[in-house]
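The structure under discussion is supplied below as structure tokens; questions concerning it will follow.
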Amino acid sequence: MLPTTEPRPPFDITRASHVSLTVRDLGASRDFYRDVIGLVVTEETRDAVYFRGLEEAVHHSLTLYRTDGAPLADRVGFRVATDEDIDLAEDHFRRTGVPHRRVEKPFQGPTLQFTDAVGTHMEFTSSMDVVDRRMQEFHEYRAGSPQRIDHFQVVTHDVQASTDFWAGLGMRLSEFTAKDGTDELWGTWMEVKGNTHDLVFTNGRGPRLHHFAYTVPDASSLIHAADVAGSLGFGEEIDRGPGRHGISNALFLYLRDPDQHRIELFTTHYQFIDLEAPPIRWEISNPRRSQVWGMPASRRWFFEASEFADEPVHEPLLSATPATLEDYLALH
Amino acid sequence: MLPTTEPRPPFDITRASHVSLTVRDLGASRDFYRDVIGLVVTEETRDAVYFRGLEEAVHHSLTLYRTDGAPLADRVGFRVATDEDIDLAEDHFRRTGVPHRRVEKPFQGPTLQFTDAVGTHMEFTSSMDVVDRRMQEFHEYRAGSPQRIDHFQVVTHDVQASTDFWAGLGMRLSEFTAKDGTDELWGTWMEVKGNTHDLVFTNGRGPRLHHFAYTVPDASSLIHAADVAGSLGFGEEIDRGPGRHGISNALFLYLRDPDQHRIELFTTHYQFIDLEAPPIRWEISNPRRSQVWGMPASRRWFFEASEFADEPVHEPLLSATPATLEDYLALH
Amino acid sequence: MLPTTEPRPPFDITRASHVSLTVRDLGASRDFYRDVIGLVVTEETRDAVYFRGLEEAVHHSLTLYRTDGAPLADRVGFRVATDEDIDLAEDHFRRTGVPHRRVEKPFQGPTLQFTDAVGTHMEFTSSMDVVDRRMQEFHEYRAGSPQRIDHFQVVTHDVQASTDFWAGLGMRLSEFTAKDGTDELWGTWMEVKGNTHDLVFTNGRGPRLHHFAYTVPDASSLIHAADVAGSLGFGEEIDRGPGRHGISNALFLYLRDPDQHRIELFTTHYQFIDLEAPPIRWEISNPRRSQVWGMPASRRWFFEASEFADEPVHEPLLSATPATLEDYLALH
Amino acid sequence: MLPTTEPRPPFDITRASHVSLTVRDLGASRDFYRDVIGLVVTEETRDAVYFRGLEEAVHHSLTLYRTDGAPLADRVGFRVATDEDIDLAEDHFRRTGVPHRRVEKPFQGPTLQFTDAVGTHMEFTSSMDVVDRRMQEFHEYRAGSPQRIDHFQVVTHDVQASTDFWAGLGMRLSEFTAKDGTDELWGTWMEVKGNTHDLVFTNGRGPRLHHFAYTVPDASSLIHAADVAGSLGFGEEIDRGPGRHGISNALFLYLRDPDQHRIELFTTHYQFIDLEAPPIRWEISNPRRSQVWGMPASRRWFFEASEFADEPVHEPLLSATPATLEDYLALH
């Protein structure tokens, strides 16, 4: 069932903003994101490394924390417009029973952590320390030359619930997949910043973070990222692409980091601002939703994702989906 | 003096949306925008041609009208979020003494025309007829493969007045040029859709429409547009570029149409959403504001622009500016 | 065992030049090569279509003939420098017992057909009708914008024999694969025009034509070709790529035509002229020879190829090779 | 008058190969060619720096020598096929009265220096020390990612004499400019390696080295080179381009090094092997020969070039040419 986007949301979410992960070897992971992906290292401490894209004026869009345990997804972050929106969010979560807490985080303004309707570990912040944009230091461009963080994809056992939750906070559906001839949602692409997606939910064992995505300038950057991955020994860590998604029209490349967290590099999607433009529906049986052309994704891409700390993973409510290997292979 | 952006504007402007021009030979101009630029023809009548970019789901972002007189800029169009915003805008203009009138325009929802503080002929609409996005019909891509309209640049005799007017409607300054060591604004880049600009004002004889701009997918598209212009006999109608603006970081190419209206093709600018990010100031004496590298712009680019019907053109208030030929030549 | 290139060959081969295929539906195949690949149609008759690349000044580099039978590879063509070289080749083949015959072919100069040491159906010609280069008609560029034919790859049961044959005619080895630690050749890349290859032989059931290849201007053209294949319904006919070969450093995309003949589009390889530069050896067990990064090739790419008319196909002499499915899957 | 290419030249020239220049600040020039252009430093001594392109397996294609005097062009180098060709060249020059001498040069095989018919300082060598190709070390790609040296352009007072000299050594004319309606050659593009040019002569004060050229992978590399030039402070040292030459179809960018020597980066030209393809003639009055589109070249590009040591510069024999400022400005 299509969600109803709240036209007057209780507070103002502005964009997908930052993500944090735990990793086992901080040095190896720093090298990966700096040299194979091309992110800028803003700051490095004994236990954390902070990165940003070349055009970003914020302190970080990716944070890695050292762990001695299993590597996990830590937090998925969004920006709200002002400090007042943090207060309004807190009020709203209190009223509606969403688990939340205020936290102090270095380099961030007021920050509110919470767990969404399907268990995803999230946080809002209203500002970050301002740093310089590096986009015109062209001699520092490396690998994919990632410009900015763009969106997150989360695997969930209940796409309907997660979609309703975020529509209630003002997010708008741009595209979706549904079981053929039904209104059973299998995947939803939701946005708040005026293009196709800030947050994606797809059906499967969840909650797990499937990937976070950075924009790159063009197809050449994407190919160069693949070439650099190859020459630095990460050629086998591309688990999908290059290819073109039917949904959102993204030209994509997916890579796995040393702890098997997944990052997508892609060329940016289309504008989605006008209210009269309806969301695009794709039947699950249509393979073009997933790719207009190209080699099939690997099994790893379909079945592996990063879990959240102490958050139980649930089997998907919609069991008969193409997310099974048999269906996948039959489709390709 | 920097303008104060109204945080609670009287109505909700969402994006630069559409432009109309008058031309002397409708067939020649249609061929230019379809074949040399690569726009999609949505509809053609005896007296008008309607175009859109490849990804646009709206009926038109560029309209050409046949004229027997001098070719002119007709209207510069923005979108507001809802029909209610049109009503609110009408109220606001009535209260504040802005000349305006409701009009019926084919393929558009409620439409309000008005003249801004410096005489620019503008209009708001809240919706358009929905048509299909052509962005995945890759075999129809031609020339620059323009995806969507992005922004307008207007030459004005009073940058301060025009900037204050639009800041009062909620537009936000992303970058600006000022006379060295003063707060005299020479050019302002203002945005409402979350990246560097929807509307630009620069100092000079005005009001005149300097150009309207479409995004293209990448540097290769820009070069292909130039190549196609060359092979179709319009190679001399490139009056600037390819080059890289310091301001906004755009990779640009400017072309003149058969009536000497100017269109910019460029690769899209950076995101500008977070409120803590300050606008970037450029001193007029810094040539990198205008281009990081590349051959100087032509005299035509600096001094020619499209006038509006029956709208007197004023000499600029700031007379001693680099917009004089001598300064320009001295700078390069 | 490495072949000995004849420094004073009996005649002067200059380049890979043209290929002919039989197809069942001439119209469908013409549409494919014109619209999905982007070749120029030079001429079309009831029973044949002649194509060339955008920069080619020759009448044809690809010819399709209508067939009512099974679609087959017809002839693989090379150029020799002058008419005298045709005479010299004829003498040479007579002396050395190579099956050959003079033929008259429209649009070609003196033409000599022959069968090489492993049964490949070949022909030499010394000239073709001159037509105009279309490379500066940029508005006619479509899909991959293929510029010129570049090389052929033939599957053979006896790589050593085929390699020795062509080295004896002056071809030079640029790269090769060999069974680890042995001098058993598994694949050979041979050239005559000063870059990595004009003719490739790989181990397998043969003789069969694996593919013919055209150069495209850049990575963006390759991606656009894939996009156009997708939008015209041929997205599933990409059976490998985009990817980067270790051997020759080609950025590649392989597509199957309506009769399952295979064409490669690629960005051009490196220069190989200086005699002191040794050929590059790759061990068969090194997966980087085949691709530096990217998704594995499909089974179709590994096992399917076009047979030649009335030419028996032999099982490969080197049976224990990675060209078996088990080895292939184990490698990826 | 068109030259007659010698079909059986006295020795075998294979390609444009290397160039040497004198510079005043070796460190600054090394930084320029390594960081702004992207060449690989093979070796550095107190008085010289040796560079090669990313795909080159030879020790050097560019050598810089420290000078305390005026910076000059030193030698323009070509490869011959074998040591025997050096002997044959020596015999030929002795017989025909061409000034020459054998020299020992580090990292090069037998080397023969000579002065051509118009005073250009040249040398042949038959081999160089073999080093590794870096083309698959994609993480080392910088700026334009130049792959290999390609050709030289020399300004000469007597285009006819220089062209005849080189045609007599086997070089072949691919394109040329001539004074309208006459057979007075104004510029000649000559090749030996199978594409449009290895050596270009244009009318003017000479002999002076106008530029040497490296190939880059694609249009994106060219733009990135310009961006890097901009961010490293060399944005004003682009004295022409990006643009598209009509002649040879090259997409070009010209930069000046710290001593004002000129390097061209360009995407590679078309194949020119078949003997039946005639050279392309361009009338001097046709501005498309010089550029299909784009901003006019600077005066610097037209009038500045590098002199050779102790070699007198002659006024051009053809005085009424477009190489005068008046004509140039009139053309644009």
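The chains carry the letters A, B, C and D, assigned in the order they are written, with residues numbered from 1 in each.
Note that contacts are C-beta pairs under 8 Å (C-beta built on N, C-alpha and C of every residue); 3 or more make two chains touch, one makes a residue touch a chain.
These numbers come from a predicted model, not from an experiment.
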Item to complete: Sort the other chains by how far their Cα centres are from that of chain B and give me the top one.
Response: C
Worksheet item: Looking at B-C and A-C, which one has the bigger number of contacting C-beta pairs?
Response: A-C
Worksheet item: How many Å are there between the centre of chain B and the centre of chain C, using C-alpha atoms for each centre?
Response: 49
Worksheet entry | Separation of chain A from chain B, taking each centre as the mean of its C-alpha atoms, in whole Å | 33
Worksheet, complete the sentence: Rounded to the nearest Å, the gap between Cα centres of chain A and chain C is 43
Worksheet item: Tell me, which residues of chain D touch at least two other chains?
Response: 136, 218-220, 227, 230-231, 292
Fill in: Residues of chain B defined as touching chain C within the complex
35, 136-139, 141-143, 218, 220-221, 224, 227-228, 230-232
Discussion item. Per the contact definition, I'd like the list of chain B residues that touch chain A in the complex.
Written reply: 14-15, 55, 57-58, 79, 81-82, 109, 127-128, 130, 133, 135-136, 147-148, 193-194, 217-220, 246, 249, 267-268, 270-271, 273-278, 292
Response to the item:
chain B partner, complex, touching residues on chain D are 218-220, 223, 226-227, 229-231, 234-236, 238, 240-242, 244, 251, 288, 291-298
